[in-house]
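This structure is in C-alpha cells; I'll ask about it shortly.
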C-alpha cells in the first residue's frame, strides 16, 4: 500500500494552509497567475538563499513543510518533476550571454538554471545522500515522480519526498503565447469555464508530498494507481485506457465518488474533459481547479494535493465544483489530466 | 582607499545578491570566505568577473582568487596595485 | 535479469557504433576546433562536435525538412533507431515498450538562435515548441512509434545513467517489458558559456586523471540501449549483448557544483551499485571512470576508487579524452562503450595521460588492451547538484 502522509502547496491561492484555502478563491484578471510569495525569511537565511530563484525557494519551503507534517527527517528518495525547470535563471544567463556578446558571464545563473536544482538543493539542505531524481517530461514530469515513488515503496523503501514545480516568466509566457497555447487576452479566473475561445489560462505552482509505505495519524489518502499515456488518437482510446486502468486497480466506475478534471478554459482541450465525463461519469460529481492555479506542466500535482485534502477533510469547496450532482461520502477520487492533449494521466486516490 | 572599500562592498552586495545586507555589515578586514561572510567557490568566480568588468583586471587562474579575495582590504589593495 | 539487446551511438568519434569502436581502438580523438557551433570562442575552446551538420542528419534520417528538429532530437533519433535496429526489433509494440531519454539542454541550441526574435518581434516558428526537454523524447518516440510509456530525465551529467537505472527498475517492477534508454545533448552556446564561466574548460584537448589536467572539453551526441526482460529475451531469438547487472544512485550533498574532497557521493554510488549487483569489488575487471579532466572530479573520484578498491584499483580509463564530456549522454554512451569492451574483449586507452595525480598515484590504461576477458565493468557518472550514478555491466554467462 502507498500512502500520502504529508503535503505542501504554494500556488496562486492560499494553499499553504488548507483551512485558509477553504475560505475562498482569490480572484485574478491577469495574463497568467503567479504563486503567492511566502515570507522567505521565516524559512531561510538570506545568505543561504542568495542564489536561489523563486522556484528553488518555494521547493525548499514545500519540501520542509511536507517532511515536518509526515514527521520524516531524511527521506529515502527525493524526486522532483518540472516541465520547464528554472526558467528565470535560464533566461537570465541566456539574455546576459546574448546581450553581452558572450562576455563578462558569471556562473551563478547557469548553475541554477540546471533542471535538477530544486532536488539538489533539497538534498544539500537535508544532507540527504539518498536517491535523487529529476523528471522533465512536460505533462508527465510529476506523474513520473509518482510512478517512481510507488516503485520505491514496492522495493521496500519507507518515505519518499516527491514534488511538482514549475514557474512561468513574463518572457517565456510571451513566447509561448505566440504559439496559441495561452489565451490572447487577460483571463478572469473565476469565469474560466465561460470562455469559448481557444487557449488556456496559464499559471504556476509548487506542490510536495511524502509518499509512505505505512499509514499514520497524519495520512491523507492512499494512492491506488497511476497511469500515463501519450497522444491518444481519440476519445475512444481514452475510454479504453480508463477501463483497463480501473480494471487493473480492481475498481469499478461506480466506486468513483468524485472526478477531478484539468479544465483550462481552452475550448479544444476542455472538450476532451467534457466528453470524458459525459461518456463515463454522467451523473457523478466532478471538480476542476485550474481556475485556481492556471495550467502548467506539473499542475496535476495541485490536483493530487486537492484530492488528498478532500479525502482527509471530506470537504469539497463550492468554488471547485463542476456540476451540481450530490455528494455523499467520498471514498475514491479519480484525477484525470491532460497537458494540451499530449500527456494524459489517471491517478486513483482512496480513503486510507 | 576608503572610497574603494565602500564601493567594493556595494558591488559585492549587488553581484552576490546579498539582499537585505548593508555595507556596514561587511567588515573590511573580515574574511569573505568560510567562517567570515560565508562565501564559497562560486562566489569567487563572481568576484573574478566583478574585477574584470569594473576594474579591467583579469585573473586567469581561479586559484589566485584565494589570496586576492581574502577580505575587502586585500581586494582593494590588489585593485589599487593592478588597475590599468 | 535485465538484458541489453541493442546499442546505438553518435558522438565526436563516429556517427554510429562501429565508427565509435574504430576510433576507440585506433586512438582517434574527436576533440578539435569548433566547426558548427556559432560562438566567439570558435578558435579558443576545443570541443567534441559530431561531424555532421543538422541538414546532413535530416537527409540521412529521411526526415521532413519542414518540421522543426533540434540538433539534440536529430542525434536522439539517429542513435535510438540504431539501437532498435541492432536489437532486431521489427514490431516495437509487440511488447510493452517505453522510452526514457535524458538531456541537459534539449532544444537550447535552437532556442538561443531565435530567442531575441521570438521575444522582440512578431516572428514565430515551430522552434518555439522545441525548447522544453521533452521535445527530443517525443520526436524519438514518434519516429519509433512508442506510445506505452515515456519520460525524460535531467540530473546533469548523470542523466542517462539514471535513464538506464530507471529502465531497469520499470522492467523489474513489471511495468514494462522493454525500454529504450539513453540520452541526447547537442552543444549549445549556452552550455559552452556556462562551463566557461565556471572556468573549468581546458583550452587544449583534456587530460583525464593527469597531474596537469586543466579542465574538461565539452562534447555532444546521443547514445541509446535497448533493455529487455528475461521473458522477452526468451521469446525472441535474438542473442542479447550484455547484462545490466547493477545500478545505484546517490547524492553527494556537498556543494552545488563541486564534489566533496573525499568523494563520498561517488563512493556511495559505486559501492551501492556493487551491492545491487551482488558483487565483491574484486570481481570488477575494468572501470569506465567519469574522469572529466577537471581538478575536482578526478581527485574526488580517485579517492573514492581507492576507498572501495584499496590498493587494488582495477584497470580503468576515461573515454572523455575521445568524446569530450557529452553531459546527459555520458552515462549511456559509456555504457555502450562498456558493452563494446565486453563484446570485443578490449579495454580502451585513456588518451594524453602522462603523470599520475600526486595524492592518488593512480595510473589509467594508456594503450589499447586486447584479448582480455572482461566479466564485469563499473561505469561512473557524476554531476552538478551532487547527482551521481554508477552502473555495473556484465558479460552473459
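Order as written gives the chain letters A, B and C; numbering starts at 1 within each chain.
FYI, a residue touches a chain if its C-beta (ideal position, glycine included) is under 8 Å from a C-beta of that chain, and two chains touch if they have at least 3 such contacts.
Note that the structure is predicted; figures quoted are calculated from it, not measured.
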Greatest number of touching C-beta pairs links chains A-C
Maximum distance between Cα centroids and subunit C occurs for chain B
Averaging C-alpha coordinates per chain, one finds the centres of subunit A and subunit B separated by a number of Å equal to 41
Chain-centre distance (mean CA atoms) for subunit A and subunit C, in whole Å, is 30
In subunit A, the residues touching two or more other chains are 51, 105-107, 111
In subunit B, the residues touching two or more other chains are 42, 45, 49
Touching at least 2 other chains, the residues of subunit C are 197-198, 255-257
Per the touch rule above, subunit C residues touching subunit B in the complex are 197-199, 255-258
In the complex, the residues of subunit A that touch subunit C are 51, 78, 83-85, 93-94, 97-98, 101-102, 105-107, 110-111, 113-117, 119-121, 123-124, 126-138, 140-141, 144, 147-148, 151, 154-155, 171, 174-176, 178-179, 228-231, 297, 342
Seen from subunit B, its contact residues with subunit A in the complex are 15-21, 37-38, 42, 45-46, 49, 52-53
Subunit C residues touching subunit A in their complex are 39-41, 103-104, 111-112, 115-116, 118-119, 124, 128-129, 132-134, 137-138, 141, 147-156, 162, 166, 169-170, 173, 175, 189-190, 193-194, 196-198, 249-257, 264-265, 268, 384-387
The answer for subunit B against subunit C in the complex is residues 40-42, 45, 48-49, 62
